[in-house]
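Same chain, two partners: subunit A is paired with subunit B first, then with subunit C.
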Partner chain A sequence: MNKNNRLQNALFYVVVVFISLVVLFPFLWMLSSSFKTQTDIIAWPPKLIFSPTLQNYAKVFGEQDFLKYFINSTVVGGLAVGLSLVIGLPAAYAISRFTQRRLALFILLARLMPGISFLMPWYIIASRLDLMDTYVALVLSHMLIALPIVVWIMSAYFNSIPVELEESAMVDGATRQYAFWAIILPMSGPGIITAVTLSFIFSWNNFMFSQVLSMEKTKTLPIAVYNFVSYAEVDWGGVMAAAVAIMAPAIILTMIFQKFVVKGLTMGAVKG
Partner chain B sequence: MHKPSFIEKNIRILFPLPAFLFIALLMIFPIVYTLALSFTSWNLTSGAPMRFIGLRNYGQILLEPRFVDAIVRTLTFTICAVVIEAVLGTAIAIILNRAFIGKSLAKLLLLLPLVSTPVAVGIIFNLFYDPTIGLANFALSSLGLPQGLWVSSAATVIPSLIIVDVWQWTPMITLIVLAGLAGLSEEPFEAARVDGATQWQVLRYVTIPMVMPVILTAVILRLIDALKTFDIIFAMTGGGPGYASETLNIMGFKYSFEYFRMGQASVILIALFFLVLLCSMGIMKLRSSSEN
Partner chain C sequence: MASVDIVNVKKSFDRAEILRGVSIHIQDGEFVVLVGPSGCGKSTLLRMIAGLETISSGEIKIGDQLVNDFTPRDRDVAMVFQNYALYPHMTVAGNMAFSLKLRGIDRAEIDRRVARAAEILGLTALLDRRPRHLSGGQRQRVAMGRAIVRDPRVFLFDEPLSNLDAKLRVAMRSEIKDLHQRLKTTMVYVTHDQIEAMTMADRIVVMRDGRVEQTGEPLELYDTPANLFVAGFIGSPAMNFLKGTIEVADRTGFVADTGTFVPLPPSPTHGELAGRPLVLGIRPEHLRIADGAAGGFEVGVKIVEPTGSETQVTATANGADLIALFRERHTVRQGDQLHLTPTHFHLFDGQNGARLASVSI
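Entry: the complex of A and B
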């Protein structure tokens, strides 16, 4: 390697490290602040070295009942994703095998349209039907987040499975729905992991639907974090501990399923 | 061959039916309902019965300076954020598009902002921007620059919010363009090199034109989401100070769930709806012309 090349290489790594630091910095600051006492947080100049404390986490999980909101978020996200798979997988299969383009576009509308344009009627209807602050209303609204993701990812995934597999089963006398159930679905693991991870993360992060449709009983984590700020404007340590608590599951899921998440986020754009 | 059952004969309809009904009932019907409400005088707090008032809500809202400001602000925020993200995101993708030690770690880091809860991201940046204890002002003063008020001042609130959006969503453009670059065939690059093209020329005349459709698709996706940006603005400023960061989405939310003026809120929501529709159609047209 000549000198010029080596210099270029070093420069490249400097740029990569710089980009990584910019991306990482807010996370590191959040994490370090969550272990600081209030005095250390408001210290000027900002402190890099401090004696860590767990009091913020004790407060968040002890006094603020974050465990309940954590469970709420998990239940709502889990049910919304599960039900979206139940109705989304057959729809994705039909879109893929019978090239139902218009249907695909129709379901994708839920991804494109601003949530607020249907949230107001939801609010009115939910109040009339006594569905405010129930899991039913919340899960249904979160399905509007999960369903388009499931259909989008799975129809592309089914496209990549050769038609001959079901066709040969059908020649042997199997029905199409049996072939879908017994041949196609068992092969669809990677696609389903992608769809489930992404749609769960987006449901987990959703703020607007839960802010309008949930109150104390079904409150999800983003709302709890948001309320924490408005109640305790100055308790930065507690807020940062809450932020860590809400981000950790999505980040852990992303680390485990990195390949799947990247694929899910980029496939539509690259193929479409 | 057996005789096809009812399910098998109608599978084309039966399989997608539940999903179709779900979207129709829970999304399309409410949107139509919103449209209908926009012609009524309905106000949830007054208790007066719903009355048909024709286009009066439209007249009132369209003449409201707050509404016009919100439209301009929504477009400013969206266009600035998405242009910066597209340029930065593509540049970073082109830099990272080679084999290097730690590439998969770098890609993992790029994913983290995308999966972070926007409300929490907003709150973290609020700590950054805090005029008295925030790192942003500390950085400025260590560089000898005057300190700023960031989201607390009407003059700087929009740029400050754009910075947050750029931090969170530039990686998405990068990852999409990286995937696009990975799918390109080698031949045009070899041909260009054989012809003696410089690195810059290859980039300018081969790489960028070839990934343009992918970049534009990424831009469409970002544009649609940026127009709808709600969480970070609501969490960081609530639309303030005053109305200085009130976008259409925030204004619609306030009219619906703070003032309960359902009729007028519907007009705002319909405006946002058409803005999203218009922008997506415009960019799709651009994209199809770049492919030809």
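Entry: the complex of A and C
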């Protein structure tokens, strides 16, 4: 390696570090604030060196019923993703094999439309059917987030699986449904992991539907952050600590499955 | 085992007609190869026999059963695909056992049949491997094994060798032929490679543009092609063609549009054909070097390709390229002038391409 190359390398890392800092800044700021006292947080100029405290986390897990919100988020996300798989996998397969591009686009539209446009109908439906503050309403509304992701990712994934595999299974004596179940699904692990990870995270992070459709009983994590905001003051330390606690599962999930997620998202992109 | 009857079968996708009325009778135990250029409808026809493609009109019978409306699973046929279509998450044994499990055959019988097929194909040592750990040739064998274990009424092959390298292709060619001789099951084989068709088939069906151009035994097609298309498609290097007319006045011979005069011995057919637009067809191995300048037509040698067993000479006669194949050794060099004469030739109608006469000299 010559001098020129080494210089280029060094420059490359400087740029990478700079971009990472810019992107990660809000996150780092949130992380550090979660360990600060209220006084340190609002101090000017901002304190880079401070004595860290765990009192915010103690509040999150002690004073607030965080476990309940955590369970609510998990149940809502889990059921929404699970049901989306049950409906979305066969739908994606049908879209892929019978080339229903228009239908796929229509489903994607549900994802592209501002979620707020669904809010009023959902509110009216839930209140008329007496479903406010129930898992049913929340899970159904979160499926609006999860289902398009599942359908979209999985139909691209199924496109990359040669159609001859089912044809071969059908000549071998399988029905199309059985070929899908016994041949195509077992091969679709990476795609399903991608779809599950992404749709679960989107559901996990969703604020709007939960804010309108849930009350005390089914409140999810992003709404719980609001508990630290009161008329009189905003408990920034509590907000930050709660935000970190909410983000942690999503980040861990992404780190574990990022290999699959990248693979799943680029599937079909490379194949003309 | 069963015969296959294809009666006036048509297929169209939207407005495009893929098959324009195809009728083929395949006998019980016969090895029939469907051959033709890409887009001729041969794969579509095979998929229609398998039940993977619907039939727009006409009839397909397997044995004496009309199978038009049967799903693939009810037709009792086995198919080997071009890309093998092995189930990647199953072992070799699992791939072969899949169809038997679906039929509810008991475990011991499945094991026995898989073991037997593996033995026939030399796969015994690979039974626990997954497809991704196999070479192309081995995958091809597994695909065949999957078909063999079933003991189906008909085997269907869709260009099974085109993903293999040249050497393996030749080896697998004889293996499939050997397999047919042992199993004696009806086989329908699709390929675009006329060499595969010639070497493997009991009978060849040459297709073009959704129609059958000619059906016959390999050498029958080679010796008496029905028309220009079959004549040009079967045989490698391909038959030489010259457009022109027969002349019987002062000299007897074929006058090509390019001006080349090919002297031909007198024959009663010449008189009938004289003056009509014709195409003269001469296979490369049916050209020999004439004894004297008077006995042949002059060509200039462009390329000489000796393989040891034979020598292929590409030459040009008034701008038209010809290929000649010599079994005997000649000292021919690029730029030489030669006089060639046919030992056997065909005459085709210049308008519709039908073969009118074949003459040996």
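Basically, the second predicted complex is superposed on the first by the 245 of 272 C-alpha atoms of A that agree within 3 Å, B and C clash if a C-alpha of one lies under 4 Å from a C-alpha of the other, contacts with A are read in each partner's own complex, and residues count from 1 in each chain.
One rule holds in what follows: contacts are C-beta pairs under 8 Å (C-beta built on N, C-alpha and C of every residue); 3 or more make two chains touch, one makes a residue touch a chain.
Since we're looking at a predicted model, the values are computed, not measured.
Quick check on the superposed pair: does A:L54 touch subunit B, subunit C, both, or neither? Answer first, second, both or neither.
In the superposed model, A:L54 contacts neither subunit B nor subunit C.
After lining up the shared chain so the two structures overlap, which partner does A:L129 touch, if you call subunit B first and subunit C second: first, second, both or neither?
A:L129 sits against neither subunit B nor subunit C.
Which partner chains sit in contact with A:A250 here, subunit B, subunit C, both or neither? Use first/second/both/neither.
A:A250: touches subunit B, not subunit C.
Pick one for A:P186: touches subunit B only (first), subunit C only (second), both, or neither.
Once the two structures are laid over each other on A, A:P186 reaches subunit C alone.
According to the contact criterion defined above, which of subunit B and subunit C contacts more residues of subunit A?
B
Identify the partner contact of A:A169: answer first if only subunit B is touched, second if only subunit C is, both if each is, neither if none is.
In the superposition, A:A169 touches subunit C alone.
Pick out the shared contact residues on subunit A: the ones touching subunit B in one complex and subunit C in the other.
173, 175.
Subunit A touches which residues of subunit B in the complex?
Residues in contact with subunit A: 1-2, 4-5, 7-8, 11-12, 14-16, 18-20, 22-23, 26-31, 33-34, 37, 44, 92, 95-96, 100, 102, 104, 106-121, 123-128, 132-133, 135, 138, 167, 171-172, 175-176, 178-180, 183, 214, 217-218, 221, 224, 227-228, 230-231, 234-235, 249, 252-253, 256-257, 262, 265-266, 269-270, 272-273, 276, 280.
Can you list the subunit A residues touching subunit C in their complex?
Its residues touching subunit C are 162, 164-165, 167-175, 178, 182-183, 186-187.
Going by the contact rule set out above, which residues of subunit C touch subunit A in the complex?
Touching subunit A from subunit C are residues 50-52, 71-73, 75, 77-79, 81-83, 85, 87-89, 98-99, 102-103, 146, 150, 156.
If we count contacts the way the header does, which residues on subunit A are in touch with subunit B in the complex?
Interface residues on the subunit A side: 12-13, 15-16, 19-20, 22-24, 26-27, 29-30, 33, 41-46, 86-88, 90-91, 93-95, 98, 100, 103, 106-107, 109-110, 112-125, 140-141, 143-144, 147, 151, 173, 175-177, 201, 204-205, 207-208, 212, 221-222, 225-226, 229, 236, 239-240, 242-243, 246-247, 250-251, 253-255, 258, 261-262, 265-270, 272.
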